[in-house]
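Dumping the structure here so I can ask a few things about it.
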Amino acid sequence: MLQETTFLAPTSWYVILSATLFIMGMAGVLIRRNAILIFMSVELMLNSANLAFVAFARSFMDITGQVFVFFVITVAAAEVAVGLALIVAIFRTKQSIDIDELNTMEG
Amino acid sequence: MLIEQYLPIAILLAIAIVLSLIVVFISRIMGPFRPTAKKLSPYESGMTPMGPAVRRFPVKFYLVAVLFILFDVEVIFLLPYSILVQDLGVYGLITVSIFLTVLTIGFIYEWKKGALEWE
Amino acid sequence: MDIPTLESLNLLAVLPAIILAAYTGLLLVVDLFIPNENKQRTALLAILGLGATGVALGVQINQYSAIGDQMAFGGLVIVDGYALFLQGIFLLSAILGILMAMNYLPRRGIERGEYYSLILFTTVGSMFMALANDLMVVFVALELLSIPLYVLSAFIRDDPGSEEAGMKYFLLGAFSSAFFVYGVALIYGGTGTTSLDGVAAVLAGEALNLPLALVGMGLLLVGLGFKVAAFPFHMWTPDVYQGAPTAATGFMSVGAKVAGFAALIRVLVTAFPGAAQAWGLLVIAIAILTMILGNVTAISQSNAKRMLAYSSIAHAGYILVALSAAQFPELAQEASSAALFYMLTYTITNLGAFAVVMAIEKDDGSGVEIEDFAGLAKSRPAVALMMLIFMLSLTGLPVSAGMVGKFFVFGVAINAASQSVWLAIVAIVGVLTSVVSAFYYMRIVYMMYMRDGDEEAEYPAIKPALGTALAVTGIGTLVLGFLPTLLFDAAQRALIAGL
Amino acid sequence: MQAIFAIAPLIIILPFAGVFINAFFGRRLMENPDSPAPGIVASVMAGGAFTVALLLFIGLLNDPAGAQVPLFTWMSIQISPERTFVIDWTLRVDTLSSIMMLVVTGVGTLIHIYAIGYMQFDVEENVHKRHLHGAEADEFKRRYFSRFFTFLNLFLGSMLILVTGNTFLTLFVGWELVGLCSFLLIGFWNDDPEKGVANAKAANKAFIVNRVGDFGMLMAIFLLFWSFGSLQFDEVFSRGECMIEGSQADCITLSPEELDWNPAATSEEEEARSGAIGVLASLAPAEEGPGELNTLIFLGAVGFPMGAVVTAITLLMLLGATGKSAQIPLFVWLPDAMAGPTPVSALIHAATMVTAGIYMITRSNVLFHMAPFSETVVAVVGGLTALVAATIAVAQFDIKKVLAYSTISQLGFMIAAVGLGGYVAGIFHLATHAFFKALLFLGSGSVIQGMERGILAGEAGHGDEHGSAHDDEHHAEHDDHHDDHHAHPDPQDMRNMGGLLQRMPTTGWTYIIGSLALAGIVPLAGFWSKDEILLDANNESLLVYILLSVASFLTAFYMTRQVSLVFFGQPRTDAADQATESPGVVTIPLIILGALSVFGGLMNLPFEGFHQLGHWLEYSVTYAHIPKFNLTVAVISTVVALAAIGLGWLVYGRSPSQSSEDQDPLASTGPLFGFLEAKWYWDELYEAVLIRPFTRLSDFFANTLDWNVFHDWFHDTLLSGFFVGGSQIMSKPIDQGVVDGTVNGLANLVSGSSRGLRRIQTGFVRNYALVVALGVVVIVIFLVARFVL
């Protein structure tokens, strides 16, 4: 399906890159304390997935992957909307968006 | 297509960068430089500056940003459509109008909720 | 290039979902013009819409035997018995959820029209979870289901608990859905398609890149496992359930979970029969751990909502038991119908339990400690009786819906045991843990019937809405217990052509 | 099937109708708060059930094969394309179940009637305790009186579901329902000012201990279904016997006509049947045993020899039986269960429910017959229980506690009997025991209320000189224990009684009859049944025989002790002095039961031609057998009993103690008596052996599995190695409240680990995310490994 030409980077490179980005995002979620930064890390994970999609789509010469990316982006936008709203609300009450201060419930 | 065809772009880039650097630093290089507190203070059209230059933005901007994102996204879907608008014909028209209706609902909602009133 | 035509969309097949979606958008706007003091109208309108959808669904179910399965949106969506049955469950839980909220929100002083619209949005999402025949649809449905839930759980403005719940749910939910998306990406990379049948076909034949697809499947398991609150992706559950407004919690505890299972079962059974051993073992392990953790941790809870959260984790485990039996193609159908039936019983019973919690919760949201059930049998005999029924059913004591559900679920596991002894183990753990569960469920019964509460503890009046919800759930629980065959046959017929 | 059997459903419907009426209209029936209406309704329903049972019995006389009366299809599940697993709710009317029905409904009816009188007084007294007056009091009476009879009828219905069930599942449903009723009735006075909490606790103890047994039952049922592919009695048994030589597959796919052979077949029919199945021809009980049972049963992928599987099943059933029928090691709940009102103790905890275990084992005699090992275990457990309980009973002072332990001991006899294959003997003793033990309990109830009437009279202020003199000397010379001992004499403490025979003649004499029957004196009912058991023991196993003989010696002894303490000698308190006879509604059932205890033996005399019960049961109990009458055994048991009575009389009867403070004569044996009085420290043993280790274990869980450990390791060592500040996430220690004390030792283990697990739930989002991430890692590793390997 994929005719390798001289200058096209092989798909695996993209996948590896996306995996790296994904892991970085994961680490970010695990170690960041600022809600917004965590949130951005999540976005990073999503977009690494997008990268993988596009790469695969290219290698298959198939449109599905790219369409999926559209949807991911859209949904991500919706998540941003909700997420930011939540963060703002919390900032209003707590004057801080350090998620480690959100531990009134436990056990 | 071959890698050579990228060459003009590369050259253009190089020139752009160099020029911008020159523009930035030429005054520093040419002109005299005797800083005083007044000179360094941020320029507020003659008034004495009040407060730090960097301030928190009011939450409103978050709201605007969010709204922007939402409506920004619709472009993603409209762009491909606009390219194929001829081929897609009625089918495409209907589909896109559904899509836009949904967006409009959102728009009406935030309008009525007063998200758009600035003050 | 071939342009799809409106006919090819076959919109009629998904009419109920479409009706509800359109109606929801409409409701969102209409609500803007309803004055704040009588938002109850919005609720009634919402119920109306659900009813209309229900009618459409009923018609479809009627014709189903004649028409059989249909595809829509060019194969992105499949309308089969499985989907129809589940859509029924979703509509039911949505209606009940709104009924409860109608009484609850005003008391907490948080009644805003959006609540009802959001519930409808979630329901649309759930319905598409059941309908999805393509990972793309699963993903969009998953988010359409989740995002409103984030808002619902943070619905009590500037109540720290609620906000915390919303935030936790949101962050972890986004986190897990990122895994889901990446899983889809890997599957797409491994098989070159995102349609479930396509994936199955590729895996059956010469897979392009099997390990990629397998790992992708694992990540799907994560994303959906989070929705159904299965170990180890359950951590959000107790906090969110406790912090969220009880009405939302009750709805969430069934709607989201069932929807999650809807997609999980569909994806694993339809798309990955090739990798059955792989996910079979995983699901078994997860099921065992989930049952143990849920039941054991529930025991030391002092807050009723939190206790129910852990119990809901445990029940996810029981449904997983059925799913784990579905790894054997010849049992897939029976297993899925057992799961479907269990989900139905769980939906009704659990909603009922939460309805009772709402019935005793004070207007400031306090009064949901397990101690607060003390003496309920004296002050509120009817409610206490209801709770007794629900607790018995959740424990799985005869003769109640829960017992029958457990019976089917463990029964199918036992059948499958002839294929792999793991199934036997999982069934035994299931029985053991449900014995354990008696401890914490009976504790509430003990509180209600054998402890004296303070006499002057007066409970909020039960408005007709909540009363209806209670009655429906209570009667439903009993009926399912006494005449399970009724619906179990339905559940099975749902599966004849399904999957 | 005979037309008469069609009425079978009534036997269940009637009691539940009673439940319905009393539950919803019970209070309205009691416009006048003292009207016994609900009681009458309940009794009528019970009586109706009894008549139905009688009719069925008559029907069976003509057609002993019995019948299976379908009610409705309970559930049907598509097991596999070709097989559907159907559970009909079918009533099984055969000789065994009819005996059970007769006993349950018969004794049940009498107890219902008795309960009318008893509960009116009991409720009245609870009104006093709570100092209720006027409308409040009336409402209280209405609520509790009708509630009691609702529960009682509910129990009756459930018990009948149990005995008429045609599948192990329906049996289990009844099993659980009766458990529930017992729970409700033990805790009936859970809001009693003084004893409320204790009652509630007793109820919970019963409930939870029974859960352990139920777990055994459930596992047994699953195993059954798993290996025999059915839960229906006949199918299971026929397939079981088929599998002795056939393979599992052949036997499970028996064709229907092969399946509905009826177990009531006489021997030649059995020949025919075995021809039909084609494997039983060579099957003679003698040459059985695990050796022959080596055909494989496939559980999961692996196959086990049939002997092992059946043994496992039967042992699990035994666990269930030890729970319901209060055998070692699960008997501890029964004595506490005496917290319930006396009719409850009589009906549920002496006559009927506790015999469910014996019934279940008898019903599954085919299985047990296949597993000799389990049979031995059953017999030994029964024998031991009989002995241990009997010894404990010797040293109790609470009149009902004595009876409770006596019940446990007698149940031990029955279990031992069925364990030895003496199913006839077991059921026989079950029936007679139901008569005289119910009699004794009702008698004790009457005694207790007599005492309470005495107390009330005393409080009313006319205590005669004797009493007051008694009074002073106590105040003069005794410590306050005795003081309040006297001020509020415990109406159940035998030390406070004495000389009641003159004051309560009917109760007294019937009670004495009952005790003689229990002691096994010719020709009372108890003698014949016990003798039959001893016969079997004598033939089968010397050990059990000795255990049982000693037990029966002790039985006679403690009954003598009780009778002489309660009815003979001088009254030791004013209360006893002013005790009065109970009303007719209470005494008449006593008399009837007395008669039954005398003549009950007639149903199965050990002489040729008199084995009615034996032959009767042969129709439904495949391995029923009738032991040969053996004079020496009979003589020995009689002599033993008489000796015990004589000894008891020497110790207690001849020189009765004068005051309630006197030491028990046996107390001279010092530590031994204390040991027995403390019930062998059985509860303490559990405390030490189960609860405390569990608590420790759970602490271990709590601390070692503590998330902090793991977390610190993970975060500080790994993550914070790379990033700063991750470690203080977990710094907050979590200490959670203790679980409510309603859960027993087992729960302590669970709750301990539960608290341990709670620590994982730290409330920190990032930890949740961490756990998710770890889960992902594990899953991915697993999948990749699968693929690579």
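Of note:
Residue numbering begins at 1 within each chain, and the chains themselves are lettered A, B, C and D in the order written.
We adopt the following convention: a contact is a pair of C-beta atoms (placed from the backbone, for glycine too) under 8 Å apart; a residue touches a chain by one contact, two chains touch by 3 or more.
These numbers come from a predicted model, not from an experiment.
Under the contact definition, chain B and chain C share the contacting chains A. Distance from each chain's C-alpha mean to the overall C-alpha mean is smallest for C.
Centre-to-centre spacing of chain C and chain D amounts to 40 Å, using the average Cα coordinate of each chain.
Taking each chain's centre as the average of its CA atoms, chain B and chain D sit 80 Å apart. Per-chain CA centroids place chain A at a distance of 21 Å from chain B.
Chain A and chain C have centres, each the mean of its CA atoms, that are 27 Å apart. Shared interface positions of chain A, defined as residues touching 2 or more other chains, are 29, 38, 78, 92, 99, 102-107. Multi-chain contact residues, meaning those touching two or more other chains, do not occur anywhere in chain B.
Shown for chain D are the residues that touch two or more other chains, namely 736, 758, 761, 763, 765, 769.
Arrangement of the chains shown, judged by which pairs touch: an irregular graph that fits none of the line, ring, star or complete shapes. The touching residues of chain A, when paired with chain C in their complex, are 1, 11, 15, 18, 22, 25, 29, 35, 38-39, 42, 45-46, 48-50, 52-53, 55-57, 60, 62, 64-65, 67-68, 71-72, 75, 78-79, 82-83, 86-87, 89-90, 92-94, 99, 102-107.
Within the complex formed with chain C, the chain B residues making contact are 87-89, 91-92, 94, 101-102, 105, 108-109, 112-113. The residues of chain A lying in touch with chain B in their complex are 7, 70, 73-74, 77-78, 80-81, 84-85, 88, 92. Those residues of chain C that touch chain A in the shared complex are 136, 139-140, 143, 147, 150-151, 154, 157-158, 160-161, 163-168, 170-171, 174-175, 178-179, 181-182, 184-186, 188-189, 192-194, 238-239, 242-243, 300-301, 306.
Considering their complex, residues 2-3, 59, 62, 65-66, 69-70, 72-73, 76-77 of chain B touch chain A.
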